[in-house]
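Presented sequentially are two complexes of chain A, the first with chain B as partner and the second with chain C.
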Partner chain A sequence: MSSSSLPAAPSHPSRRAATAADRAAVNPLDRGYALLGVLLIAPTVLIFCAVIIYPLVSALYLSLFSIFTPTLAGSFVGLRNYAELAGSPEFWRSLLNNLIWTVLTLTLQVVLGVLAALMLNQAILFRSLARSLILFPYFVSTVVAVLVWRWLFNDLYGILNHTMMWAGILDMPLDWLGAMPNAMVSVVLVGAWKYFPFVVIAVLARLQTIPEQLYEAATIDGAGAWGRFWDVTLPQLRDVLVVVILLRAIWDFKEFDLIYLLTGGGPIIGTQTLPLMVYKEAFGMNEMGRASAVAVAMMLVMLVFMLVYFRVLKARGEEPR
Partner chain B sequence: MKRIAGRIAFNLFAWLVVFVTAFPLVWMVITSVKPQFELFRIPPTFWPEQITFEHYARLLWETPFLLYMRNSLILSTATTVVVVAVATLGAHSLVRFRYPGREKLAQLVLFTYLLPSVVLILPLYLMMVWLGVANSLLSLVIAYTTFALPYALWLLRSFMQGIPDDLENAALVDGATRMGAFFDVILPQALPGIISTSLFTFILSWNEYLYALVLVNTDAARPLTTGVMNMLISAFNIEWSLLMAASVMMSIPLIIIFAFLQKFLTRGFGAGGVKG
Partner chain C sequence: MSDRIMTGVGRRAVLGGTMALGLGAPMVARAQAPVQLRWWSPQTAPAQREAYMFQIRTFEEANPGVRVAFEATSDEGYPAQMAAAFASGQVPSVVTHLPSFALATYWQNGLLEPMNDVINAVGPQNYYDGANRIYEITQGQYCGTGIGNSAANMMWLRRDLMQAAGVTDVPRTWDQLRDACRRMQRGGVFGAPLPYGRNSMTSLIFICFVHGAGGSIFTPDLQVNVENDAFRNALEFYKSMRELCPPGATGYSWGDSLTAFVSGATATGIYTGRVLANVAAQNPRIADHISCHRYPTISAQVPHWTFNDFPSVMIPRQAQNMAVVKRFAAHLFRPDGYIRQLHAAPGHVLPVLKTISAMPQYQENALINKYRAAVDLMSESAAAGHNLGWETTRHRPNVHAGRIIASHVLSEAVQRYVINNEPMTQVVSVTATRLAELMRA
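For the complex of A and B:
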């Protein structure tokens, strides 16, 4: 198992830990410790089984039933929920919305994140304050972020409409959240604002470990600023970017809070993604069985991302990055 | 000369970007101290013409905000204590012991950390109803372990891998038991890691919304996230300055923690970031 998540500290000591465990295995006296090791991990395993493994299996099971949420009375219907989903335009629309949201917001996050990291890696005045301010959107609760943005987006008194009208970009106040495609654009923008600091942190940490000699060599070879970025910085960032993109893809795909609180999936189902559809089926339509089927279908899509992520980690082995 | 001009221009540009990014949060603070009537000025004023704390006073004394705050504090603290205690033992086991299935277990931890809450939430909801703990802080603590435990375990594992084996080996040579060495050698070494893991876990729990939305529908057990959102939805006319004051208040603990965590940011985000 690769111990590396991102962005790893420059010196990664995982190899040493592995050798210690090896030594323990070689020494017969130490082998008795295996029992103690199992004992220490036991609470974790028990909790995992109770609150993660059991619900996961249970979700699969529930998706084969038709369950009325308020009474929880239900009957077995086999794969009918899935058949209904396959024939439901709403499901396909939600999946499409989910992909649109993920691709757009992820692209913005990565582009903005890399640019901001490059900028914050330069010598600027009060750099650590600037860094903290840039990172803060990632820290605040989604509820706070959404409240603030809904106030900024407010059609009558929102500062955004006023500023844009004052600057001559808009003639009329814009309905940011109540019309399409504005609602999708707004959700994507707020998502990019909230989550790009994650990319900044990962990339910034990597930038600080790129050896200065690489740049000196490139300068001697006559590379300009653009050339240095293209031939030195970007290849060095590749590994960390692959992991960042996969992680963010997984998290953006399953995002619920931000979209639900900004638009509730509206107008109509214009910004409804799969997680929102799960919630709506379960607690709006009171169809808990069908909601589980949507959740399982969503899991299947996410498994693709996850498998790629695990593949990437495995391919890198224990190599510290 | 040209060089200096370039530096100044770059600094101005950089700070403009920082300002634009931070603007929504600046606007939140400004709005929260403006009198209600000033919000509806057209064009809007940037600096408040008069600063008032009436919204904060109203928030504290006339709304259930303090009750939500208390719930959030209890909830996040309880989740953090339980999760970090269990995860510290678990991470120690994953790093320093060898038994069949250890590698698979570590992989499973990462997998569960990437699981979407919406998949787990329906069975968890049924489970809480069945256990008879629905609508309580306890049900939320149980639900929060689903994302907090994998996170804390993963983060602590990475911290503990950084502790040299020789320290523990030396203690064992001196005659300490494995558990003795754990308490006397490993734990003090891992303390910075444990503290920052606790703080990150606390933030995760503090900001959680979906489980609170589904599992709790009474003010007695409602945390800040769903509570404040309820103030928006149930309000007859939306009082934006009150909501902004609430937003500022619920961000204050995060600012304090953020200041402490500066040093560990990369590590904490490294284990999967702050958002579940």
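For the complex of A and C:
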């Protein structure tokens, strides 16, 4: 084989850059293209800085101050806000609540979502109607959804208590939102109800693209319904579930309105999560600096999630998405 | 170091520059645009809104070129909304019906315009004596002015249920109240709708019970005053009433507590005169069976203590068109509009102007006439009322009161003892520590 047929050795990056720069220096057209490239990418960079970098740096900066929210007047306190958080039982309890809420509601959402998607993928009566209706909780405003659920949970007029008492399950109305662990259970259930349609949408879309031949082959090999689900469906769903779980974990972790409107974080701080604590510190206690410190702590926890996620993917030999 | 931090200045400067560059020309072109005022209030029942619209209309007619927009806030939400408004500089022009202790905090931080001009325009001689005293935090300057009085912890009774249960006398003491509630609690009706939620109502109502036990949250010179028998007795009684309240009372706030009594789910109520309008509109079946009384105390020797949140009018210092704003604030007291506002919820917001109380137009209201004794009692009680910002006439104004309520320290104390069954000593000790921290902050 002659040397001329060998593939060209990859050029060194610095050499490539130098060559491009040389070309730009000598060729006005290349220089124009380079400038155009910078101009075209500039809006993206500016928007990225405005919506990502600036708030991030602001939060970090504010967390080093003690700031009275209404006036934004304050003084530099260094890491004192963080030290106070580290020693605050309320912070750790809120973090624990946040993790409990996220894990439980996410698990329910995924289980319910996959089950509903499997059902809607079958040739059932009124399938189109069912597919439309099942999305309803996801599209309805959180405020409206919470108002409806608060009425369902109501001790005096709520249908939930009435039904359970009528069925003989309860003797007295149950305090669904004002006592623990009922409050956390209620919040988790409502969260799962509100957001499981997102899982349905994603999983159903994937289910419709799984080749029928795979199921036929599995059936020929003697796989039953469970076997087909476990060995065909689930592996095919893995990619979409990873993305769905990641997105929903992020969204659930920073969920505010649903929990705030349902329980306000009570009883005591039984359902108070970190976003509620940020709100309370910033606008209840008017401590914007401490609120920023909690927000930064939230960000760090999310970062840990992300790192774990990337590590798991790397261990499986996959690229992070 | 206690100066304005650079982020605030920098951000404003950048925004200001952008506005000047990008919007300068159109702003010149819009120089003749109408003056726009924004009016915020947490009192937003439909009838009240109608009255506000009347007041806005008459002001706009008298002041061509001025437009007023009404925007609703809420009792639980206003601290956040006001904080955001002040921080962003996008403040409302006038805010009404916030409790007086909220104003004290804002005043302390230089966020409010003195209301002396408005009070002078309304006529200081027209107010009830001492009506504006609570707003005089700085000598000679008023951080707000009253737009009404309220008696928020009146006891409402169902006389028909009392009769059916064989309760002959109106309870005067806690023991009598508990006994009456116990006897009336049957057939799906609970004894009382006391709030046990983690919210401002629980804090504010519990303060009434501490005073009802002969105590106070702070001493007159504002030292924490909860590690004593009065506070413990209040907690103990509050806990003993739990079994006489609906299960969902652990989440009750103002609306829930009111609805519980009005709907007939409880035999007693604790609220302002809004009960009258709501019963008339929503449950007229019980309208002839309700009566209003001062809330019992631990013993007949301990005097009644009325919680008056002193619904106010305030003007943020950053408000634009200050002269027009002050004119509008004074306009709110013009009899035709003010009386409509008061009639929107008779007995709920009581007049602060004695000239209005005396007017036949005010007196000629079906509900006020029907419940004359109740309205008179509420007016009398509210006139002698106090709140956490000014616990008794001996107390100094407490500018931290708003922050204490927003922190939920007191409602959490109730929840810890009543719901979580934590030991009294621990609850009281933690509450004292947290109150002291809040006062120091």
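Note that the second predicted complex is superposed on the first by the 253 of 321 C-alpha atoms of A that agree within 3 Å, B and C clash if a C-alpha of one lies under 4 Å from a C-alpha of the other, contacts with A are read in each partner's own complex, and residues count from 1 in each chain.
One rule holds in what follows: contacts are C-beta pairs under 8 Å (C-beta built on N, C-alpha and C of every residue); 3 or more make two chains touch, one makes a residue touch a chain.
Note that the structure is a prediction, hence the values are computed from the model and not measured.
When the shared chain is aligned, chain C comes close enough to touch A:T71, but chain B does not. In the superposed model, A:A130 lies in contact with chain B only, and not with chain C.
By the touch criterion stated above, A:P267 is placed in contact with chain C alone, chain B being left untouched. In the superposed model, B is the one of chain B and chain C that contacts more residues of chain A.
When the two structures are aligned on the shared chain, A:P55 is found in touch with chain B, with no touch to chain C.
Shared-chain residue A:F283: touches chain B and chain C both. Once the two complexes are laid over each other on the shared chain, residue contacts for A:Y309 go to chain B alone; chain C is not touched. Looking at the shared chain after the overlay, A:L177 reaches chain C, while chain B stays out of its contact range.
Comparing which residues of chain A touch chain B with which touch chain C, the overlap comprises 58, 62, 72, 154, 279, 282-283, 288.
Residues 10-11, 14-15, 17-18, 21-22, 24-25, 27-28, 31, 39-40, 42-44, 86-87, 89-90, 92-99, 102-103, 105-108, 110-112, 114-120, 122-124, 126-127, 129, 142-143, 145-146, 149-150, 153-154, 157-158, 160-162, 164-165, 168-169, 178-179, 203, 206-207, 209-210, 214, 224-225, 228-229, 232, 240, 243-244, 246-247, 250-251, 254, 258, 262, 265-267, 269-275 of chain B are the ones touching chain A in the complex. Those residues of chain A whose C-beta lies close enough to touch chain C in the complex are 58, 61-62, 65, 67-76, 153-156, 172-179, 263-269, 279-280, 282-286, 288. The part of chain C that touches chain A in the complex is made up of residues 1-5, 7-8, 79-80, 82-84, 86-87, 106, 109-111, 196-199, 246-251, 260, 263, 265, 403, 406-408, 412, 415-416, 419-420. Contact residues of chain A toward chain B in the complex are 1, 3, 5-9, 12-14, 16-17, 19-22, 24-25, 33-34, 36-41, 43-45, 47-48, 51-52, 54-56, 58-59, 62, 72, 116, 119-120, 122, 124-125, 128, 130, 132-145, 147-149, 151-152, 154, 157, 159, 162, 166, 193, 195, 198, 201-202, 205, 247, 250-251, 253-254, 256-257, 261, 274-275, 278-279, 282-283, 288, 291-292, 295-296, 298-299, 302, 306, 309-310.
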